[in-house]
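Once you scroll down, you'll see the structures, which are given as structure tokens.
Here subunit A shows up in two complexes: once beside subunit B, once beside subunit C.
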Partner chain A sequence: MPKVQKLQREEIKSSFLLLLPATIGLLIFSFYPIVSAARTSFFDVSALSLKYDPIGFTNYIKAFQDKIFLISIGNTLFYTIAVVLLQILVALIFALILKNAFFGVGFFRTAFFLPAVTSLVVVSTIWKIFYHTDVGIFNSVLQTIGLAPVGWLTDANVVLMSIVIVGVWKEVGFSMLVLLGGLNIIPADYYEAAAIDGASGWTGFWKITLPLLRRSLLFVTVLATINAIKVFIPIYVITNGGPMNSTQTLVFNIYRNVFGYYKLGYGSALSMILLLIVGMVVGLQFRLLRSDVEY
Partner chain B sequence: MKKSSLLILLSLIIIASLSMASCATPAPTTAPVADQPTKVAASTEAPAVSEKEVQLTYLMQQDAVLVPAMQAVVDDFMTEYPNIKVTIDSAPFSEYHTKLGTSFAGGNPPDIFWTDIRTAMYASQGVLMPLDDRITQENRDDYLATAWNETIYEGVTYAVPLHQLTEGIYVNTQMASDAGIVLPTNVEEAWTWEEFMDVAKTLTKREGDATLVWGFSQQRPLQDWSMLPLFFQNTAETLSPDLTEASGYINSQAGIEAMTFMGSWYTTEKIVSVETIPDGFPNGSLAMMQAPSSYRPLLESKFPDFKFTIVPMFKNKSCGVTTGGWNLGIASASKHPEEAWILVDYLTRTAHEKWVTTSGYLPARKSVIEANPQFGEYPWVVFMEQLENCAVTRPATPKYSFYFDTFKQMVVDISVGGDVTSVVNRTAEALDAELGQ
Partner chain C sequence: MKSITFDKCTSPSSGVHLNGSLKGKKIFQIILRYVVLAIVGFIFIFPFIYMFLSSSKPQAEIFQYAFPLSWKTLIPQTWTLENFVELINLLPYSFLHYLGNSIFVAIACTFGSLIINATAAYAFAKLNFPAKNILFGLFLITMMVPFEVLAIPLYLEMRTFNWIDSYEALIIPWIANASGIFLLRQFFTEMPKDLLDAARIDGCNYLSTFWYVVIPNSIPALITFSLIRFQASWDSFIWPLIVTPSPEKRLVQVAIATFTTEVDTRWGLAFGASVMATLPILITFLVFQRYYVKGVMMSGLKG
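For the complex of A and B:
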């Protein structure tokens, strides 16, 4: 018995030692900035002078009276819902197709994954050129087939969807790869047994594939949601928040306040609200997509 | 067990010190303006310099022409002052102020930096060194009066003008000639709004829904620098004289008219593309381009075979063109203010002529203008005449970044078809709320 206890103690010690470097990194580079931002949000601070003037909850009250901030919440939620739904749907379709072995499957898997490892700044610049009303490829195609050009970046009703397309295109490959991994570990016996019982492919998908894919789906949904809520680069490079504030998003608004107007305290308050929103959404997803199935 | 207790203790100490650090009130990296001792230097004469080697950092705008031109001038300086070493750092204009602001926030600003209309913003935050004691009256009087407009905040001078800048209209010579367009040569002959619109419509070429050549464009599109002339030309202002109110100014009848005229470029007359076309002017997709004098050396170096003619800006009730440019400021946190001032004085006085002739910017010193007959000849004269008769400075508010973004949003929204009156009223409301604080 004492031998077991000693072993357990050794194991705990080793685990602790192994976790220590990552914990220190997290404390310094993640938790400290969060605590610091939380504290700064209760001050009126200019990023230039760094003079701290305590103002209590004023920054938070101001945030909910700020029309641009409220618009940015709405736009961010729309963007997040659209990107996450489309991304997972497209990724699932691709994963189901590419799960099968056929000639050239490796090429397609690589090709779909490629955007995930490219620089978003470069990609956004290229998409901006594609979307150009006069010289962009999309409108050239539309005009060639006799359709009217679309104001991809100038029509306030269209522009956020243009950014959604960029977001989906960029991230769908990664989600596809995770779902592909999830599909590949579902035992083939289940499908065989279902087939013997007369289940169709469609029934197999709903009754076997989808329930057993919940963990992978939870993982990609949470990651896609966090990425989508934090959308910044395509907005900064392609639209700068316009036109008509139609692409003002939370992180872009924070960036503009901190780095444009040097409002460090106000920007910190907005960051805390963002943290709260991300926490709530991810918490909800964990609850809805939780899976206790073991196989 | 002892070792694990030690590790736990170590972790607790780290956590505690991090929390303490976050709770402590950070000391400002820069002292308030009033606390900054301003040493008087013998500015106009050769200042006494210590023999000890001093390293200065210098931040400027990145540009294919500007950086080599400035490096040549700084090299001359380092030959004359071998103990002062200057390291030039640069950033493209779109990232320049973010980089500068971040350097202040990080407590590591450059000793000397380019500052534009945002001088008031930096000065109001105490990060710029007051320079009144260093600038002699003789030095001050040698500048064109408008040159100081961007450098003064609450009566104190915080920067020295490096040059001046105005805009003209660059016209594709071949296209204008083919269309039989007579080009104005001076402000007196400048196109009126109506004449300009006729010229731009003539030069615009369409085929079905596609536009092959746009009549007009701007090098700095959809922002205050390019669009404020419309207000000036229609005798409108965007802000009250104390720069705290926009209602009744930007949305005055004259202001609405100016923005309605601008909106028609994009919506009804379609002479300007809402989205920029990179290198569209030298490549023949744009017939005319509103751009500053510094655009000429860029065009000449990148497209040596392209033929263009520069004409004055259009006018309406009066002529009007934005002026300004870069100024040199010294960070109040600089550890070498004396040497920094020597460099500022050298660049703005000794090297002024060399700088403006190589950079394409306009001279700000009367002595340099008088000593160089070339500034009275084409193409310089197009800009110099406007600088003398039509130049207006942007509003030097300490909240200029907000003004800039809000103004930009207004012109972008109008360019995509937003209702002019409601967009301008909304802009006035937003500016009032922020500038009035």
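For the complex of A and C:
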């Protein structure tokens, strides 16, 4: 009995040592900031003296009267829906085409994944010049085939869609790869059995592929959604929120309020709203993920 | 170019389709597939080609042949290294200085998080201790909170620590990482218990078991983890933008962004810098592709 106790004590002691550094790190750089952000959102903070003035829910009330904040919510919503729909649809099509082994398949898989390993700053830099009204490649092509040039970054009705295209191009390879992983573990027997029963291509897709791909699909959708909600770099590099606030998004607006206007309390309230939105997406994921398909 | 390969990449449906459909239809499908893939593949590779070629053009030539569209639009008339030379002689700091900063920070982040997260993941995967599940749950919560929410308090924390414009601010907050612990725990859990028990019988304690048995047996997992962490650090933008206002500790991504967001955009420099910042990561990816791809595909299956 004392021997067992000694062993247990050693195990607990070792666990403690093994976990200590990570726990300290997360305490200081994750837990404390979460609590601190929540607290700061109820204060008016002067950026220079860091004097905290308690003002209750004023920051939150102000947010919903702030026209630019409301615009940024609308833009973020549009961006997120457009990016996620396009990204998942295109990724699914790519994955279905590329799951088969054929000559050159590896080349295409790699090609589609290249943007995913390139930094978003570099990607945004290249697309910014592609979109240029006068010297950009898109307008060159349009004019060469006799069409009118488009104000990719100057027309307030177009510019958010331009950013959507950048987002999809960058992330679609990642989603594709996750979906390929999901497709690869669907047993081939299922398709063979279905074929014997007379179910061909489309029926097989709807009745076998899609249901069994549910987990991977949900995973990439949630990841893509959270990523899209937080869109910042393309906005910062390509449009700076313009023209006429047409590309103001949630995180860009937070950045501008905090590091442009030094409104720390207000910015914290906006980030708590962001946390709430992301939290709802994650919560939804957990509800939907309770899938009982085992294969 | 090496290509992505899978252990099992045979089509589950090949052979099944042929029974029902005509051979001619099949051939048409194959041609259609290659045409579609070639067009889409071009869209995905073209921006990289454009970037490499534009970085080799003299500043004056970059937009000279933008319209009408011809091969001159893409191919440099005069091949030059002047953009790279200018980047190296850049003031106040050479672009190599920013590259060096990024390499140092990324390596430090990767090594630090490798040690700290692997030990924690091992404890969660193989050891028993009180309140294990509660602690793991708490760790997972931090995984759900986006960095953007933490940015303001973290920034204030850095001011308190006097870490603004320092390597500490760029490295230390990013070492402990819950999603890294989560990923490694998955790998370690799959390690056979017998292997660890054998080491224990041979007189290893928990820490030496970790060092002599767990680590050598999970090299692929550790490579995958390191690649993910290295890339995350290399691509980081918002945080270095916030905590390094002066150029001395500036990282590459921020440096590139300054070329394009300044009033007078230096496109030649922007392209050259993009090439210099992308090439190392692209080569790393192509070399370690197998590990990388496995990590990504696993993330979806275990989600």
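Annotations
Note that the second predicted complex is superposed on the first by the 261 of 295 C-alpha atoms of A that agree within 3 Å, B and C clash if a C-alpha of one lies under 4 Å from a C-alpha of the other, contacts with A are read in each partner's own complex, and residues count from 1 in each chain.
Going forward, a residue touches a chain if its C-beta (ideal position, glycine included) is under 8 Å from a C-beta of that chain, and two chains touch if they have at least 3 such contacts.
In this text the structure is predicted, and so the values were computed from the model without any measurement.
Look at A:36: by the touch rule set out above, it reaches both subunit B and subunit C. When subunit B and subunit C are set side by side, the one touching more residues of subunit A is C.
By the touch criterion defined above, A:135 reaches both subunit B and subunit C. In the overlay built on the shared chain, the residue A:58 is in contact with neither subunit B nor subunit C. Legend: residue contacts after superposition of the two complexes on their common chain; A:233 is shown touching subunit C, with no touch to subunit B.
Of the two partner chains placed by superposition, subunit B and subunit C are both touched by A:50.
By the touch criterion stated above, A:115 is placed in contact with subunit C alone, subunit B being left untouched.
Once chain A of one complex is fitted onto chain A of the other, the partner contacts of A:148 are limited to subunit B, with no touch recorded for subunit C.
Shared-chain residue A:256: touches subunit B; no touch with subunit C.
Put simply, subunit A uses residues 12, 16-17, 23-24, 28, 31-32, 36, 50, 134-135, 143, 240, 259, 264 to touch subunit B in one complex and subunit C in the other. Across the interface of their complex, subunit B is touched by residues 9, 12-13, 16-17, 20, 23-24, 27-28, 31-32, 35-36, 39, 46-52, 132-135, 143, 148-149, 151, 153-156, 240-245, 256, 259-262, 264 of subunit A.
Subunit C makes touch with subunit A in their complex at residues 1-6, 8-14, 16-17, 19-20, 30, 33-34, 36-37, 40-41, 43-45, 47-48, 50-51, 63, 66-69, 73, 115-117, 119-120, 122-124, 127-130, 132, 135, 138-139, 142, 144-146, 148-157, 172-176, 178, 181, 205-207, 210, 231, 234-235, 237-238, 242, 253, 256-257, 259-261, 267, 270-271, 274, 277-278, 281-282, 285-286, 289, 292-293, 296-301, 303. Looking at the complex, you find that subunit B touches subunit A at residues 1, 3-4, 7-8, 11, 14-15, 18-19, 21-23, 25-26, 28-30, 32, 98, 101-102, 104-105, 107, 121-122, 125-127, 208-211, 273-275, 277, 285, 399, 401-402, 405, 408-409, 412-413, 415-416, 418.
Chain contact summary for the complex, subunit A toward subunit C: residues 10-12, 14-19, 21-26, 28-34, 36-37, 40, 50, 94, 97, 99-102, 104-115, 117-130, 134-137, 139-141, 143-144, 169, 173-174, 177-182, 184-188, 190-192, 195, 200-201, 204, 215-216, 218-220, 222, 226, 230, 232-233, 236-237, 240, 251, 254-255, 258-259, 264, 267-268, 271-272, 274-275, 278-279, 282, 289.
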